[in-house]
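Quick heads-up: structures coming right below.
Shared between the two complexes below is chain A, which has chain B as its partner in the first and chain C in the second.
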Partner chain A sequence: MKAEARRTALWLLGAAALTVAPHALHLPAWLSALCAALLAIRGIGLWHPRARLPRLAVLVLALTGAVAVKLHFGHFFGKDPGIALLAALLCLKLMEGDSARDVRAAVLLCFFLQLGLFFYNQTMGIALLALGGTLLATVALLSLHLVAAPPAMQLRTGALLLGQALPFMLVLFILFPRVQGPLWGLPADAYSAVSGLSDSMSPGTISQLSLSDAIAFRAEFAGEPPPAAQRYWRGPVLNDFDGRSWRARRPALAGEPAYTPSGPTLAYRLTLEAHNPRWLLALDYADRGLSGVRYASDFQLLAEQPVRSRSRFDLRSRPDSLVGRQESTATLTAALALPATGNPRARALAAELAAGTDSPRAVLERTVAHFRGGAYAYTLSPQLLAGDSVDGFLFDSREGFCEHFASAFVFLMRAAGVPARVVTGYQGGQINPVDGVLVVRQSDAHAWAEVWLPGEGWQRVDPTAAAVPQRIEAGLGDAIRAGDPRPLLMRPQFSWLVQFRHRWEAISNHWNQWVLGYNPDRQRELLAGLGLAQADWRTLGVMMSAAAALLFAALLGWAYRQHRRQDPLDRAWAAFCRKSASRGLPRQPWEGPLDYGRRLVHAFPGQAAELERIAQQYAQLRYRGPAGRSDVRALSERIRRLKLR
Partner chain B sequence: MIQAPSLPQRLRRHFERWLFRIDRPESGPIRLQQRRIFVLPSGAGLAFAGALLVMLLASINYNLSLGYALTFLLGGIGVTGIVHAFRNLLHLEIRAARCEPVFCGQPARFALHLENRRGTPRPALRLSTDAGSTLLDLPSEDAAEAQLSRPTTRRGWLPLGRVIIETRYPLGLIRAWSIVQPDLRCLVYPAPETSPPPLPIGGQAVHGKCPPAAGDDDFAGLREHQRGDSPRHVAWKALARGAPLLTKQFAGQAGNEIALDWHSLPHTLPPEARLARLAAWLLAAHAQGRTFSLRLGTHSLPRGSGSRHLHDGLRLLALHGLSDEG
Partner chain C sequence: MPHQHATRLLEAAGQIILGKEHELRLALTCVVARGHLLIEDVPGVGKTTLAHVIARLSGLQFQRIQFTSDLLPADIIGVSVFERENGAFRFHPGPVFAQLILADEINRATPKTQSALLEAMEEHQVTADGQTLALPDPFFVIATQNPAYQIGTFPLPESQLDRFLMRIRLGYPDRGAERALLMGEDRRSLLERREAVISPQHLLDLQRAARALTVTDRLVDYLHALVAATRHDAELSGGLSPRAGLALLSAARAWALIEGRDHVLPEDVQTVFPHVAGHRLHLAADGRPVPPEMLRRMVEGVALV
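Let's turn to the complex of A and B:
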């Protein structure tokens, strides 16, 4: 293999490796292994021509790979099998040959796969990886035409191309008229499962979620954020209990809230990570007149569309509003329903708590007191409870996570005849000291209860807070028993990591808001900031074309500038030759300055002395050591004044 | 045989003539200006553009912000490539260098002198005629010579014709090209007859073996040195005394004079065959170091010898009956 071809192949191999490697996170393991093996064989084959797969083997591998992808995913259509096929194709393409056409095809595959990376992950790290892959792929293409140059030069030229392309990218990114996708139906696997709350809860669902450090959403408050104990972010409201799991009912939706908002207002901007369902996580209770949202009868706030990408909502909440004072009978009946049998000890306890009073508030206070004094432990890894889970928690294990507390509490309330329901959502969150944004993670997922009291409406009750006050005041990390497993960054010895994470997340937030979240709305906002309030796609198109044309002109200027950097002495002599040429006596290519001068003297005897002097001076300055700047200037002045007659 | 160009070819030629405003060879150095450099995407470039379109649609459909960014970055690279390709040709200087005469049937080799006055290299320049192409890299502030060859089928002048100078640098996605027609032509000598009759010594065809040229003993005088003269015959002593480079002439070389004449050849021989025979004889006479003269209708070549003389003779044969313009 020739050195030049090997160099191209190496660049391409690098590009392919850099492109396929991050895909290993979601490709089936067998495919990742196959890709790694193929790339390794290719690498070895560059030096040992014998270590190459025969054509037939490549073909067989391609066919088996396709069949295996079909078997693995069950279908061909969709992004996961598509990416898997592309990755296999790229690695096999590398085995095929070294012709320019093969290289070009492989480079296009690399670009497709780099785009494919963004289906799964659009963080800054992945963006950098893709940029590196793009650079290597570009250099691979370049090396087909910049054959003789050393690798460093090829890399430099590739970087130059990329650097010159960046302004175009910025202009197009900002001004290209954005359309909100999708343009057509997406395959079923377009939105893979993401962690987050669900519309049902059974023992263990939320504690599983609590081990995840992933960010659920961010909130940026216009003023001072409320204290941690008031930060209840409402998610799905669960009403139906089957003895083990709680499920949500489909609430009625309206354009206005079902209550009268009152009291002070908290304004904040919610940036919700993609979680697929429609519900938002608003602070209780949402104010009226919010745009782009629907109000549910159970006080949830819902988006118009499923939240399938990170989305931003400008919200307000009125925490002191009284809600549900005139609740429908149907809702109240549903909030009292219990399975006919099961959990007999809990029912007995409820009867005991309700004995001797007909005031729901008294029942409520007694129940809360039971939790406060019951020596219940808060743990992320409670014992598994079989059978009557409420009984098991209340009387036997006496340890659990918020879902156990909420579930047991609501059960007791209902059994005692007080309408109650479970509310899931997030509680607390951490303020990033770097940018002041409140960050709420999956580990802040929480479940609490809501109790309906006549005349007062729905009241929030957090049995977890009653039993384990630290959970609400100081967060999960401090509430769990020492020695229990807890999220990594909640361990005290990693405080420096926490500092680092704060910084990183502040940067990520900007990245999310301005790069990943740059959508039609954001584009309109930005242009409105520039004074173009009503920019439609035509205006954008014109602006984009104009900006691109300007950039192109600047590049052309760069192309020309390279030629003007001429020695002043050369320039002066060229001017002299032009002058003489315009009188019909061009300098012949083989003619030295003195010969040319002599010929001119013959033609213009009247200016013999001047012509001779110019030719001689030029020859001296050119060929006798370094020319002094003043001499060169004198000569060019002489030439400028010369008028051939 | 040369076939008449088909209609599309003729149309294309007309179009290019109009576009490039070249209808005759350009004398002097040709400096490629912006006006005559053309830039269009290559086949690979179109495929690239198609791929970008797919990527853009995917980005829109899945709302991939970074997908937009990648697509636009690649688009930017493509646009940048246009300027790079254009710049690779801009202000390139092309000059007709030389072309040695060849015998008909041998490929004519045209040398073009390419000069890069810029401080950056110009890689991947391809020069092509309708008969072949050559690829070269031009380092910064340097010059290089490009060889282009064309097959020869007729004696006389063979012009180099249109040369397409193109580049697909940097990424192969863009083709920038220009068409030039340097003033360079090749003199094609008639192909010598392969087994000609022996040389006609003294005007008569001599049968049998030619007597060898006389020895070096009869010094006849000095004449101006010509390229191709044997170094053994250079008057080194005279040179040492300060005289110009001279060649010693010997009586022996003048011994067997040959007068070659078009009309002395059999009339049955067609003209081209006669030229072929004369060419073969000129070569034979030169190889044997003889003095010869040539009469060719109105043109004639006085007695003489040496390679310059040989080439003068062959030139007469090549251009016999043709206008000098070729």
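Let's turn to the complex of A and C:
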């Protein structure tokens, strides 16, 4: 295999690998393995020509692959089977050959698959990967033409080409009329993200709590953020217990809160990742007069539409508000309901805690004291609890995570005759030191309790905090027992990783806000800033064309200047070569002036003297030292007058 | 004008060695560039005659060393002999003390003997019995070598090959030349009747003039691109060294001078390139020397700017 062809093949192989690799996240495993094997065979085949697949094998593989895709997905329609098929075809295409036509086809496939990446994921990392793949594919295409150039120069030219495309990309991005909805999602995919929360929980059925580091939402406080121990973000309220599971009930919605907000105000902007349900995650308790939200009777805040794309909400909270002082009987009855049987030991404990007290507050304090002194341990991998899960947790295993604590606590309170319910949501979150934005992850999901006391209304009680105070004050990392495996990022030796993550997330936030979140509103905002208050799609179209034309003109001007900056002697010689080329005798790129002159003399013997003189004069002016300006002018005049016959 | 000496020499030589104008010119280029020449070909194509012709026509002292497997370094450099009458050692210089040396079939000698000559070529001096003795000027070695696959040879290692500025092949004469050769007088006796057409001083003048030739930035850029291309070529085991780059430049200068120009053109570089690079580059696959057509491809792969 010739060195040049191998270089092109290597560029292409790199482009294909960079394109297919991120797709492996969602391709079926067998297909990823097939692609990897094909790419590896191709790589080996570059040096060992015998390690190539025969044509028939490629054909059979293509057919088998297509059938397998059909069997796997059941059809060929839609994004998943389409992308899978194309990925397989790209890898097989590389097996086919090294001709320019093959390379072009493979490069086109690469481009399309890079676009396909955004159907699944629009993060900045994927964008960077796609950009790298685009660069390599462009260079592969280029290397067909810049055959002899060293790889660094091919790469530089490719980067230059992409760089020239960049302003056009920006113009299209900013001015192309926007439609409402996610930038890249196909209708069916945009709603696939799910929340770490759900509207039910069953403590004791999970033996391994998997902690996702995915971001649930971000909050940007107008002033100083509240301390970690007070950052309870309210999600679904779970009221109904059937002995194993807690479930939410549908709350009544209103345009105004059911309480009177009071006390100091916390203003913040919530950027919620897509999670499908309508619930928002607001700090207790939401102020009145917020736009775009509904207030639930259980103090939850809901959006008007399901949150199917990353959304921003400007919210205010009044943490000191008193809520639920005049609670309806129905609500209080529901907050006392327990199954008729089950968990006898917990019921006995509740009776013991309630005995001899006169007020619900006293019961509450004794129960909290029980948790505080009960030697309960916090763990992410608790024992499974069969049967009576509350009894099992309180008296046998004595270990668990927030759900166990909240569930047992509420059970005890209800059994002791105090209305109580489980509240789920997120607790804490981390301030990113780079941009000061509070980041709350799925791993910050939490469950706590709410108890109703006469005259005081609903009071937040966090049994987990009572039993394991470190969990709330210092975060998860400190609450886990020594010896329990910790999530990677909570190990102290990986603090640099945490640093890196902070930076990355700060950049990602900008990406989300300005690239992915560039919707019609933002576009209007931006254009209004440019003095275009009422831009409809026609105005945008005209502006887009005008900007593109301007850019083209600028690029042309630049190219022309590059040309003018060329040495006049070079230009004269180039004109001579063009003239001869138009008569079918182009100068070979490596051909020296005298050699070329001799070849021309041979072809045009009638003008031998003149051709020879031009070639010799150029050779002398170019290679004898600094050329006099008048000599160069004389030569270019001579070349201008030359007419090859 | 120094290049007229070259023309005179080439004309006279062309009458004795028939149909080999290009090779003669290359050989003279090598002399003018102050380099040593390696001629590689099968026996009997006129390698030895070529050396004789150059020596004779330019009036150089000539020595021929026939390399054999039992040749010793002292046979080349010389020995110190104890002389009874004055009770001291006296150095008897060997054949290396001549202006033009023909090292015939250099690959028949052992590496030790080969390296004795090659060191003399590099240093332009020899060391015997702790004494350093300068070699005459001009000093020029033409080594002939049979292709390595012949039996009983010690091929020169790559590092030693680098001491030779250029390597040429003579090849068989064409039909007309061979006919004239067969019909005509014996070349040796023809040569013996010829007088020198130039003097060693003329050769030194040529060497000096070649070093003074103009080389523009543009040409250096081109030459460097060509050298760099050999370094990026995946089919080669390694590219040209900076010393080889210098060799290429001085050979191109000498060629340009012999062509009668006072400046170097890319064509000059392209002409000498196969002969300067050919014995310095080896294939990565099997270590064999690069074939000529690959050298030509390399030249065609580097565009002039």
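Here, the second predicted complex is superposed on the first by the 364 of 645 C-alpha atoms of A that agree within 3 Å, B and C clash if a C-alpha of one lies under 4 Å from a C-alpha of the other, contacts with A are read in each partner's own complex, and residues count from 1 in each chain.
In the analysis below, contacts are C-beta pairs under 8 Å (C-beta built on N, C-alpha and C of every residue); 3 or more make two chains touch, one makes a residue touch a chain.
Bear in mind the structure is a predicted one, so any value in this text is a computation, not a measurement.
> Could you look at A:E591 and tell me whether it touches chain B, chain C, both or neither (first, second, both, neither)?
second
> Just to be sure I read the superposition right, which of the two partners does A:A619 touch: chain B = first, chain C = second, or both, or neither?
second
> Considering only touches as defined above, state whether A:G517 meets chain B (first), chain C (second), both or neither.
Touch status of A:G517: first partner only.
> Give one of first, second, both or neither to describe whether A:A165 is in contact with chain B, with chain C, with both, or with none.
In the superposition, A:A165 touches chain B alone.
> Looking at chain A, which partner touches more of its residues: chain C or chain B?
It is B that touches the greater number of chain A residues.
> Where does A:Y560 make contact in the superposed view: on chain B (first), on chain C (second), on both, or on neither?
After superposing on A, A:Y560 lies in contact with chain B but is clear of chain C.
> Considering only touches as defined above, state whether A:P150 meets chain B (first), chain C (second), both or neither.
A:P150: touches chain C, not chain B.
> Is A:Q326 touching the first partner chain B, the second partner chain C, both, or neither of them?
After superposing on A, A:Q326 lies clear of both chain B and chain C.
> Please identify the positions on chain A that touch both chain B and chain C, taking each partner from its own complex.
Common to the two interfaces on chain A: residues 147-148, 589.
> Where on chain B does chain A make contact in their complex?
28-29, 44, 47-48, 51, 54-55, 57-77, 79-81, 83-84, 86-87, 90-91, 95, 117-121, 123-124, 137, 167-173
> Under the stated contact criterion, what part of chain A meets chain C in this complex?
Per the touch definition, chain A meets chain C at residues 3-4, 6, 147-148, 150-151, 588-595, 619-620, 622-625.
> In their shared complex, at which residues does chain A touch chain B?
79, 100, 104, 108, 111-112, 114-115, 118-119, 122, 126-127, 130-131, 134, 138, 141-142, 144-149, 157, 161-162, 164-169, 172-173, 176, 179-184, 186, 190, 308-309, 515-519, 548, 552, 555-556, 558-560, 562-563, 565-566, 586, 589
> In the complex formed with chain A, which residues of chain C make contact?
Of all residues in chain C, those touching chain A are 214, 216, 218-219, 228-229, 232-235, 262-267, 270, 299-304.
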